[in-house]
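Two complexes, one shared chain (chain A), two partners (chain B, chain C).
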Partner chain A sequence: MNNNSFNLAYRDRGTWLDRASGATKLLAFIFLSGISMIVLDTRFLIFLVILSLIVLKISRVKFSEVSFLIKLVVFFMIINLLMIYVLAPGYGAQLYHSKDIIFGSGPYALTKQELLYLVNISLEYFVAVPLALIFLLTTNPSEFASGLNRIGISYKISYAVSLALRYIPDVTKEYQQISLSQQARGNEISKKAGFFKRLRGAAAILVPLLLSSIDRIESVSQAMELRRFGAKKKRSWYFAEQLKAVDWLVLFIVLLIMIGGVILLVVNGGRFWNPFIH
Partner chain B sequence: MWGNKKSFISVRDVVAIGIGTAVFFVLMRFLAIPTPVSNTTINLGEPWLSLIGAIFGPIVGFLVGFIGHALNDTASGWGVWWTWVFADGVLGLLLGLTKSRLKLQSEHLTKKKIIFFNIWQVVSNAIAWFLIAPLGDIVVYKQPAAKVFLQGIWAGIGNIVAIAIVGTILLVAYSKTRTRSGSLKSED
Partner chain C sequence: MPAVTFKNVNFKYRVQSQATLHDVSFAFDYGEKIIIAGPSGSGKTTIGHLINGLIPQSFPGNLDGQILVNDQDVSKLDIFNLSFAVATVLQDTDAQFVGMTVAEDVSFLLENENIDHQTLLKKTNHWLTELNLQSVKNHHPQELSGGQKQRVSMAGVLSSDSKILLFDEPLANLDPAAGRAAIQLISQLQKKLNLTVIIIEHRLEEALKIQADKLVIVSRGKIIANDTPDRVLQSGVVSQVGLREPLYLTALKKAGFDLSLEKHLTDLSSLNQELVSKKISNWLNTQISVKKPNPGQLILSIKNLFFSYPKQSVFKDFNLDFYAGQITAIVGKNGSGKSTFSNLVTGFLKQDSGQIFFDGQSLDSLSVKERADKIGYVLQNPNQMISQNIVFDEVAYGLKLREVNPEEIKTRVRRVLKISGLDSMRHWPVSALSFGQKKRVTIASVLVLEPQILLLDEPTAGQDYLNYRSIMNFVASLNREHHTSIIVITHDMHLMLEYADRALALVDGKILADDRPAVLLSNLELLKEASLAPTSLYNLARFSQVDPIKLSERLVESEADL
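After this line comes the complex of A and B, so read on.
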C-alpha cells in the first residue's frame, strides 16, 4: 500500500497563493489547463511551463513533498512517449504536413516533426502537473466547496464535493482496517496471488466496506434532512471569502493568457505551431 | 424525503454523491491492480460505480464517476485528463440507467436481472472506453489514434472483467440486505 502520494494535502504556507480565494484558484486551474489542451503551440506551452514552475516555486511547496509524484509522472510520461513512437512514428509528419528525417530509414525513421510532437506532449505534462499540484496544495478543501458554488455550480453539488473530501480520510481508515482483518484471515491481495484470486480477495474487502458505506449514506442523509438541508434555494458558507485585489489580479493575468492563446490560434491557423512550412 | 420533490436531486442523492465519491476515490487509489499497458489499471472503483448507479440512478452515477475520477487525477499528479474523467462520468450515467430495471430496493435479484446487468455493463463500458475516451483524446489532445484506442480498449476490457466479477458479487450482497416489499403482512 502506497501512502506517499496520499499525504499530499493542503497546508497554509503563508504565501499570497494561500490567501487567494478558492474560486479564483479553481477558475485559474480550469482555464489554464484548458487553454494548454487546446493551443498546442510549442512556444506557448514553454511559456506556460515556465509560468507554472515559477508559481510552484512561489507557493513554497517543498520539493521533498512532491518528489515521489514527479518521479511517477516522469515514468508515465516516458511510457506514453514510447507508446506513441512505437504505434505512430509517422504521426508528427502527418500533423505538420512535412517530413525531415534526422536519422534512420523506413517507417521508424526519427523525423523532426515527430520529435516536435513528442516535445509538445511532454510539455503538456509539465503544464498540467504543476498546475494540479499548486491547486491541490494551496486550496483549503472546505473553501474549495464554497468556491465551486461561487463559480455557479449548484450548492447541492458543491456540498457533495465537500462531503467527498470530508469522508475520504474516514473511508481510507475503514478500508485499511477491513483490508488488514481480511489479510489476517488469510485473504491474499498482494502481488503473490494470481489475478483472479486478487479480484476475489478485493471483493471480500469491498462487501463490508460497501455495507458500512451504504449505512453511512443513510444516517448522514437523515441527519442532514433533520437540519433541513436543501430547503432553501441558497446557502451561505462558513469559508466563503470576498474576492480581494490579488484575486482580480490573478484573474486578469489568466484572461491575458487566454487572449494570447486565442491570438496564437488565429495566427497559426490551427492548433499547432508549424515551423516546418514557410 | 418530503419537501424536495421538485429538486432534481434529493438530500439522499447529495450524500450518496459525496460518500460514493469518497469510496470510489479510495478504491481507485488503493485497490488498483496494474495491467501491462501504460496508465491503465484494473480499477475496483468501477464495480463500486456500477453498484452506486444501480442503487441511486444516472445523475448520482454520472457525478460519482466524474468527480471521483477528477479528484483522483488531481491527487495523482499526472494532471487531470478531462476526456477520461468525462468518459468515467458517462459510464456512471449509463450504469445508473439499470436502476429502474433492477429495482434493488424492493425486488429480488433474479438470474435474468444479473444477466441483463452484465450485458448492459459491457455495452456501457464499450461506449465509454472504446468510443468516448479515445475519440476525446484524438479531438482534444491530438493523440495518435492507434495509441489511444489501444489504451481505451485495454482499460475497457479491464473494467468489464472487474464489474462482471466484483460488481456482480456486490449487487448480490447488497440485494440480500434489503427488505422486500410485501415481506410484512397485517394480522387478521
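After this line comes the complex of A and C, so read on.
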C-alpha cells in the first residue's frame, strides 16, 4: 500500500495561488497547455516549462504529495515517445524538411529532426503536468464550484463536481479500511499474487466500497434535499468572491504569453520552429 | 393549533409487502419536547420521514390518513416547502456534511435559497456564534469531534428559521459526554428559540434528560403509548416492547420497589428516600459472592510502543497487557487512540518503535494475513467487510483464500455457523439479513479462522436493545464456551458494565484507568477526563446512600441470572 498515492487533495498552503480564483487557474491551465501544444517552438516551450516549474515551486506543493502521479505521467510519456518513434521514425525529417542522422541507418536511424520533435513533445508534458497539479492542489473545490457557476455552468453540475472532489479523501479512507480488512481475511492484493488473483481480490474490495458509497450517496442526497438543494433556479455561494487583482494579473500574463505564441506562429511561418534551415 | 398532527395514518413502502404504520394518530403542540422511541423496525423512523417529507420524495409508498404540519396538509407540500417548516438533523452526521468546511456547511441552506451574499454571511455568522462554532468555522469535517459535527448539522438547519426541529437518533454517534452536552444544548435552544423538538431515539436513559413533555412509544407500526414520560415509565410498557428503560428503574424494580405507585419516576428525588434506601440496601445484601474467574495467562503484550502520524504523536512509550479468557473493554473519547491501537495490533499500521507480543512471540515479522489467524478484527460497519453474496460463502471466504481443502472448509464453516445461530440461513443472500445478523456474519467470518483474540470495534453502535443483547450475548458465549479472549472498543457504558471483566480508559494515548467496569464508572473525575458519563445507577446509589460500585455489580449479576 502506498499511502502517498492518495494525497491529491486541496489544502491551503498559504500562497497567493490559493487565493486566486479556481476559474482563473482553470483558464490559465487550459490556455497555457493549449498554446504549448500549438506552438512547437522549443525556446518558447522551455520558457513555459521554466515558468510552470517556478509556479509549482511557489505553490508549496511537496514532491512527496505528487510523486506517484508524476511517476505515472512520466511512464505514459515514455510510452508515448517510444510509440511515436516506432510508428513514425521519419516524421521529424518530414516536418523540418531536412535529415541529419546522428547514428544508425535505414528507416530507424535517429535523426536530429526526430529528436527535436520528441523533445518538444516531452516539453509539452512538462508544461501541462505542473499546471494541472497546481490547479488541482491549490483550488478549494467549493470555491471552484462557484467559479464554474459564474462562468455559466449550471449550479447543479458545478456542485456535483465540487462534491466529488470533496469526497475523495473520505472514499480513500474507506477504501483503505476495506482493503485492509480484506487483507486480514487473506485476500492477497499485493504484487506477490498472480494477475487473476489480484483481479478477483480487487473485486472483493470494490463490492463493499460500491455498496457503502451507494449508502453514502443516498444519505447525502437526502441531506441536500432536506436543505432545499435544487429548490430554486439560482443559488448564491458562500465563496462568491469577485475576481481579485491577482486574478486579473494572472489572466493578463496568460494573455501576454498567448500573444507571444501567436507572434512566434507568424515569425516561424507555422507551428514548428525550424532551426535546421538557415 | 398543533405543530404536527397525524390522523389515522397508514403507510406502506412501495418496496415492502407489509404496511409499516397502522392507524397512527397524535398531535404535538408548539413548544413541546417529544421523544419518539421504539425498537428497530418499529416504524419510528418512518414517522420522522413522513414529518420531514423524505416520504414520498426519497421513499415512495402508499399513504392514507392525514398529516398536518403547521396546519398545512403535507400531501400538498413538496419536500422543499416542508423543509421550511421542519428542520431535520439526520443520524449520520458525516453523511449530512455537504460543505467543505464548517462555515460552508452552515450556509448551505441559505445558498440554496439564493440569498444575497451580505445577508448570507451575516446569517451564517449568527448561527456559527449561536452554536459556538466560530473557532472551527474554517475546519474540515474530518477535523471535528462528534459533538461538533452535530452542532454544525443543527446550525445548518436552524438557519431556515423553522420552528420544528426533528432529530433522528441524535445520540447514536456520540460518546457519552458529548451525548449529554447535545441533550443540554437542544434543551437550551428549545427554550431560547421556542422550538418544537421531536427526538427519535431508543436510548431512553440519556434522551429523557431533556425533560420531555411527551414520550411516544412505537411498536410494530402502532402507537403503544403517548403520554408524559412519568406515566409511560410507570406503565412498564417500555420494557415490554423491548426497549431498555433507564438503569435506575431496573435496579429499583429488582430491589422490589413498586414503581406503579410513583407519580414522578423521571425525578429520583421525588421518591421516598428512606424507603428506597432500605430496599436497595436489602437487595445489595442478597448479593451472591463475586465469582470472578482469575485472569489467564498473558496473551497479548504491548511493550514500549511509539507511534505517530505525520503531524501528531499518538503513543509514547505505551505498555499494555491482555490476559487470556477475559473480556476487556477499551473506552475513551474519539481521537484518543482507540482505532490507532487496533490498527497497530492487526498490523494495518506499523509502529515507529516498540514491540507487540502474542503468546510470547513478536508479531513484527508477521503480515496482516498471518496476524489475522491469531487476532480476529471485526470492523464497526459490517457493510465494509462483506464481499460475498451468500452467507456460507462469506464465512468460508477466509478459508478459501488460505486454500484449506473443501471438505474441511465445509465442516469448519458449518460449525461456526451453528455457534453463531446462522446455520439455518446459510443459503440466504447476505442482503436479506438484518443489521444484527450481518454483524454476526462478520464475526463468524473472522471466527472461522480460529483466532484466540477477537477484537471488536463498536459492535453495538446504533443498535436497539434487542440487537445489542443478541450480539453481545453471542460474544459473551464465545468467551465463556470457547475461551476466546475479547477486546471491545466501545462508547457504550452499559456494554462495558454488563459484559466486560476489565475496563481500560484510553485518553490521548495513555491508559488513565485499568479496573473493574463498575469501579471505573464510579470515578467521576476520571469519567470527565475520558469524555464518559456515569449511568443513572450512580445517582441512585447516591440517593440511597450505598456504594455505587456494589450497586452496579449487583444489577449486572441479577441480569445475568435471567
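Just so it is clear, the second predicted complex is superposed on the first by the 230 of 278 C-alpha atoms of A that agree within 3 Å, B and C clash if a C-alpha of one lies under 4 Å from a C-alpha of the other, contacts with A are read in each partner's own complex, and residues count from 1 in each chain.
The rule is short, and it goes like this: a contact is a pair of C-beta atoms (placed from the backbone, for glycine too) under 8 Å apart; a residue touches a chain by one contact, two chains touch by 3 or more.
Small disclaimer: the values here were computed from a predicted structure and weren't measured.
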{"item": "Contacts of A:245 with chain B and chain C, given as first, second, both or neither", "value": "neither"}
{"item": "Which of chain B and chain C A:80 touches, first, second, both or neither", "value": "first"}
{"item": "Touched partner set for A:33, first chain B, second chain C, both or neither", "value": "first"}
{"item": "Touched partner set for A:166, first chain B, second chain C, both or neither", "value": "both"}
{"item": "Partner chain(s) touched by A:266 [first = chain B, second = chain C, both, neither]", "value": "neither"}
{"item": "First, second, both or neither for A:277, with chain B first and chain C second", "value": "neither"}
{"item": "First (chain B), second (chain C), both or neither touched by A:225", "value": "both"}
{"item": "First (chain B), second (chain C), both or neither touched by A:180", "value": "second"}
{"item": "Broader residue contact with chain A after superposition on the shared chain, chain B or chain C", "value": "B"}
{"item": "Touched partner set for A:128, first chain B, second chain C, both or neither", "value": "first"}
{"item": "Residues of chain A that lie at the interface with chain B and also at the interface with chain C", "value": "162-163, 166, 170, 203, 205, 207, 211, 216, 218, 220-221, 224-225, 229-231"}
{"item": "Chain B contact footprint on chain A (complex, rising order)", "value": "1, 5-6, 8, 33, 37-38, 40, 66, 69-70, 72-73, 76, 79-80, 83-84, 87-88, 91, 95, 121, 124-125, 127-129, 131-133, 135-136, 156-157, 159-168, 170-172, 175-176, 179, 189, 195-196, 198-200, 202-203, 205-207, 209-211, 213-214, 216-218, 220-221, 224-225, 229-231, 271-272"}
{"item": "Residues of chain C touching chain A in the complex", "value": "52-54, 57-58, 79-80, 83, 88, 90, 92, 94-101, 103-104, 107-117, 120-121, 124, 142, 156-157, 160, 343, 346, 348, 367-369, 371-372, 377, 379, 381, 383-388, 397-398, 401-402, 445-446, 449"}
{"item": "Contacting residues of chain B [partner chain A, same complex]", "value": "1, 3-4, 7, 9-12, 14-23, 25-27, 29-31, 33, 38-39, 42, 44, 47-48, 51, 55, 63, 67-68, 71, 73-80, 82, 140-147, 150-151, 161-162, 165-166, 169-170, 173-174, 177"}
{"item": "Chain C contact footprint on chain A (complex, rising order)", "value": "140-142, 162-163, 166, 169-170, 174, 177-178, 180-188, 203-205, 207-208, 211-212, 215-216, 218-232, 234-240"}
